[in-house]
Amino acid sequence: MNGQSIWLSLLRRDLLLAARRSADVASVIFFFVIAASLFPLGVGAEPAMLRAVAPGVLWVAALLSTMLSLGRLFAADHLDGTLEQMLLSPQPLIMTIIAKTLAHWLISGLPLVVLAPVLGLQFDLSGREILVLTVSLLLGTPVLSLIGSIGAALTLGVRGGGVLVALLVLPLYIPVLIFGAGAVTASAAGLGAQAGLSLVGAMLAVSAVFAPYAAAAALRIALE
Amino acid sequence: MNGQSIWLSLLRRDLLLAARRSADVASVIFFFVIAASLFPLGVGAEPAMLRAVAPGVLWVAALLSTMLSLGRLFAADHLDGTLEQMLLSPQPLIMTIIAKTLAHWLISGLPLVVLAPVLGLQFDLSGREILVLTVSLLLGTPVLSLIGSIGAALTLGVRGGGVLVALLVLPLYIPVLIFGAGAVTASAAGLGAQAGLSLVGAMLAVSAVFAPYAAAAALRIALE
Amino acid sequence: MLAAHDLACERGGRALFRNLNFTLERGVLLHIKGANGSGKTSLLRMLCGLTPPASGRITWDDEDIRGLRENYAAQITYIGHHPAVKDELSALENLRVAQALAGQPVTVAQAQAALAAVGLQGRANLPLRVLSQGQRRRVALARLWLSHAVLWILDEPFNALDVEAAALLERHIETHLGAGGMVVLTTHQQPGIASQRMHIVQLAA
Amino acid sequence: MLAAHDLACERGGRALFRNLNFTLERGVLLHIKGANGSGKTSLLRMLCGLTPPASGRITWDDEDIRGLRENYAAQITYIGHHPAVKDELSALENLRVAQALAGQPVTVAQAQAALAAVGLQGRANLPLRVLSQGQRRRVALARLWLSHAVLWILDEPFNALDVEAAALLERHIETHLGAGGMVVLTTHQQPGIASQRMHIVQLAA
Amino acid sequence: MSKINWFKYSSPPAFFPLAGRMIPWFSAAAVLLIAAGLYISFFVAPTDFQQGEAYRIIFLHVPAAWMSMFIYVLMAGYSALSLGFNARLSAMMASALAPTGALFTFLALLTGSLWGKPMWGAWWVWDARLTSELILLFLYIGYISLQSAIDDRRRADRTSAVFALVGVINVPIIYFSVRWWNTLHQGATISMTKAPAMAHTMLLGMLVMAVGFWMYTIAVVLMRVRCVILEREREAGWVQDMRGME
């Protein structure tokens, strides 16, 4: 059986698992919505201010909820020994990682992108800002998953990996946050959003090329 | 051996575990700091606006990080069978729960209270606001732990408890958030903070009395 | 004295067993036999009072254990499939914590002795994370060397133990029986216990 | 042909074994014996290529397995302490996923047949969460009824299995050996395999 | 810099004594240069017409900030070596560099915020450079705690090496942050291309301090590596022999 169909079945399996643990997946999305919606409650609801903070709030919420879901990327499979089986599967490890990262994005990144416009409306952003916001998330969330995969692999089975993942991943997330949110604020201020968006796009390209290799290396080391 | 010293040793054990999983604990605190610190980056750093959103941001951050740590309250002990041993221990279950909830607050609530002033400085709040903020958290975070214990117990072993915990717990958290953050904003606006604070205090009293019983009942059911 | 009256167990709508009756006097071991999935673990959990039986009663000295709660709990030591040990804690700490929880706190020296008894000298201070499967099991079983409980309830205690450790455990169980203790256990091996001390309950698969 | 040359294993600074040499031809079972903590599991993980040996080489048909990677992986089926099954998935799904991962996808019918072979008829569609310890183990082992791999590496496969299931597995292993397969396993019981087919490696504790 | 020697002496037994011999020299150089730097910065350099005396912090701040970044890059370099050729010594060097790097990062943050109070009227502002420097501190801490979190030496080295390599991307972010975002913080006033925009004495002071810091770093790192070597090669024959000699 050729590697490709292993790859597909792996992807399918991750999605199936997600479907079974639907509540578990929902919790990430739910967290995103909560985090975003609580702010107006805490901050007090002046439309002007809300509109000003909206992009930042939504992006931060997206970033945090992705960071939370990273635990699920490898840890569960590590505990019950499935990860060993994956290393023993006759397909290059890097393919495995790409499949799992893609699945992770489909499960915990894409939904955020889909939800963003709705939340944008809550903060009454203009149609144009909402568009930019969605695009920036569409480009940005995959980067979060890709970088996240490295962090998750590095801290696999390490005492209290949680904080370490955050420590490693965050510095790399922040530029995405700044440019992503920046793009929206810029377009709100009437400046073009292209600059920010294209930078996020560039990060996507770079991380898509390098992250899987780093993650693969980290994973091999972790399972020695 | 009398119940009380079981109670103490249980508390000591939870703290010891936390010390061993220090990074795991740190991650909650770290999350609090991150969540609070990312905002200025996303939102853009005008002092005026920051000062205005600070109380909300900090309270929401505290609320979210507590919600995250709820998973640790019973789940781990459930998986490895320790919880069964606790039900079999010759002390009333309610004592067990009080011990664990207290430990939970000491581990993931108290640190937030301690850190709040520092973060308050970052958002340059006035001394008075910082004081009110700290007090409101001091009164509020135990409520979060107490209410949380019910949610955690109810959703124990339920597939994807995560989202359920959130769903169950959140409605009860929101008032705490509103009054807690409200108190700070009020004192910032020169109005007295007493009203808000005393309301939060009342919630603390009520939940301290009733939450453990609810949690105990939930736990028995969960383990049948 | 432990007794089961017309016990029945249901799981997911299927009846695993019904009308199960037995009594267990002091000094006797009850070996619960049955194929995989016949309901042994479920039965043990009932005997601990963790799961209420679908029907029937379990009595301790003729009182329903439901009523006794903590008082009954103080009489038993249950060691299940899950060893109930924490990876982060050392063998020593795990043991002391478990005993404290059971209301029978022990000194470091006592705990050390128990660990030595199960052949973990020199491992006492390693975090459990690094111990082998059998060693983890031994840590869990070490509680039996410290327990004051009359009734031991053991779910497949011989799993993952090497021959020597298994023999050790058998000897220890016999001493417990000799001292008037009671044991309920499940295992797929043939426990090496003097047969006159051993009663058998067979669950139909 | 699998061969170990002067293998050494270290854990936490302590040497578990060194200068371990053996070769395994087709049709032979290698029974790795040793007390708890003697390094059996560690050795099996080395043979799978998961852990690099502290020193020494492992060769497959005279090539170092480090170099072979995926090609070697395609030759072996490893079933470790952890059953590598998911609680959320049904027995059937677990089996099919595992096989797909191993690069040997199977149809529903084939998977059903394998599950029936290990005595799980009628359980195939239950989520693994609700299965008993032994039944979970059987699901993991069912892979052996589907695997095309030459070399089986099994870590205490008889754990938690009832007598009947154990016998079943022994028969199946013998058929595999008969067909020119190889098996490396650890167990604390005495596997019921014709002794001329069985070589033994004893690890000093 | 005795960088070349790392390769010639890249086996611990050969390196250990060499390091021992080099330490005194670097320590001495460090003391002298830092003293000189401080002298220049506090007595020679003229008072700044707009910033007054406060600006003198720059003589600590900037070199510290430079070191914080240089050291990280160096650490990543050694990590790459240790992964590539799994050279034991490189791994040790990398782990020995981390604490010093963290120290300088902290120093840059401290001096920076001390300076910030008079200049910007705030201890801390949410400025890209400040934030990314803070993150650099996180990275150092992360690296150190990752190493201490893993018991198995080999795995600890290799894992933290990957960590360091991935994290190195933060350095350009720090450096160019001032260019990418219009920030409160100064842009680079020293650049390879255009003539330095600041007074020559200031520049001199900073450079002397920077070199002094380098000497200090090398000295401290060598000491640390010697300890690490002893601790890790406890069992090795040559260590035993050396013990014998002492």
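Chains here go by letter, A, B, C, D and E, matching the order in which they are written, and residues are numbered from 1 within each.
Just so we're on the same page, a contact is a pair of C-beta atoms (placed from the backbone, for glycine too) under 8 Å apart; a residue touches a chain by one contact, two chains touch by 3 or more.
This structure is a prediction, so every number in the text was calculated from the model and none was measured.
J.: Please report the minimal path length, in steps, between chain A and chain C on the chain touch graph.
T.: Step count on the best path from chain A to chain C: 2.
J.: If you average the Cα atoms per chain, which one ends up farthest from chain A?
T.: Here the answer is chain C, farthest from chain A.
J.: Based on the averaged CA atom positions, which chain is farthest from chain B?
T.: D
J.: What's the distance between the Cα centroids of chain A and chain E, rounded to whole Å?
T.: 33
J.: Averaged over CA atoms, how far is the centre of chain C from the centre of chain E? Could you give it in whole Å?
T.: Taking the mean C-alpha position of each chain, the two centres sit 58 Å apart.
J.: Rounded to the nearest whole Å, what is the centre-to-centre distance of chain D and chain E, using the mean of the C-alpha atoms as each centre?
T.: Each chain reduced to its C-alpha mean, chain D and chain E end up 50 Å apart.
J.: Could you tell me the distance, in whole angstrom, between the mean C-alpha positions of chain B and chain E?
T.: 39
J.: Going through chain E residue by residue, note those that touch at least 2 other chains and give them in order.
T.: If we look for residues of chain E contacting two or more partner chains, we find 131, 145, 149, 151.
J.: For chain B, jot down the residues that touch at least 2 other chains.
T.: 20-21, 23, 41, 159
J.: Provide the list of chain D residues touching at least two other chains, using ranges where the numbers run on.
T.: Answer for chain D, listing residues that touch two or more other chains: 12, 81, 88.
J.: Mind listing the chain A positions that touch chain B in their complex?
T.: Of all residues in chain A, those touching chain B are 20-27, 30-31, 34-35, 38-39, 41-44, 49, 52-53, 55-57, 59-60, 63-64, 68, 159-164, 166-167, 170, 174, 177-178, 181, 185.
J.: Using the touch definition up top, name the residues of chain C that touch chain D in the complex.
T.: Result: residues 11-12, 34-37, 41, 81, 119, 123, 126, 130-135, 137-138, 156, 159-166, 188-189 of chain C touch chain D.
J.: Flag every residue of chain D that touches chain A in the complex, lowest number first.
T.: Checking each residue of chain D against chain A gives 45, 48-52, 70-71, 73-74, 76, 78, 80-86, 88-89, 93, 97-98, 100-105, 127.
J.: Looking at the complex, which residues from chain B come into contact with chain E?
T.: Spelled out, the residues of chain B in touch with chain E are 23, 40-41, 45, 47, 50, 121-122, 124.
J.: Can you list the chain A residues touching chain D in their complex?
T.: 1, 5-6, 9-10, 13, 16-17, 20-21, 79-82, 84-92, 223-224
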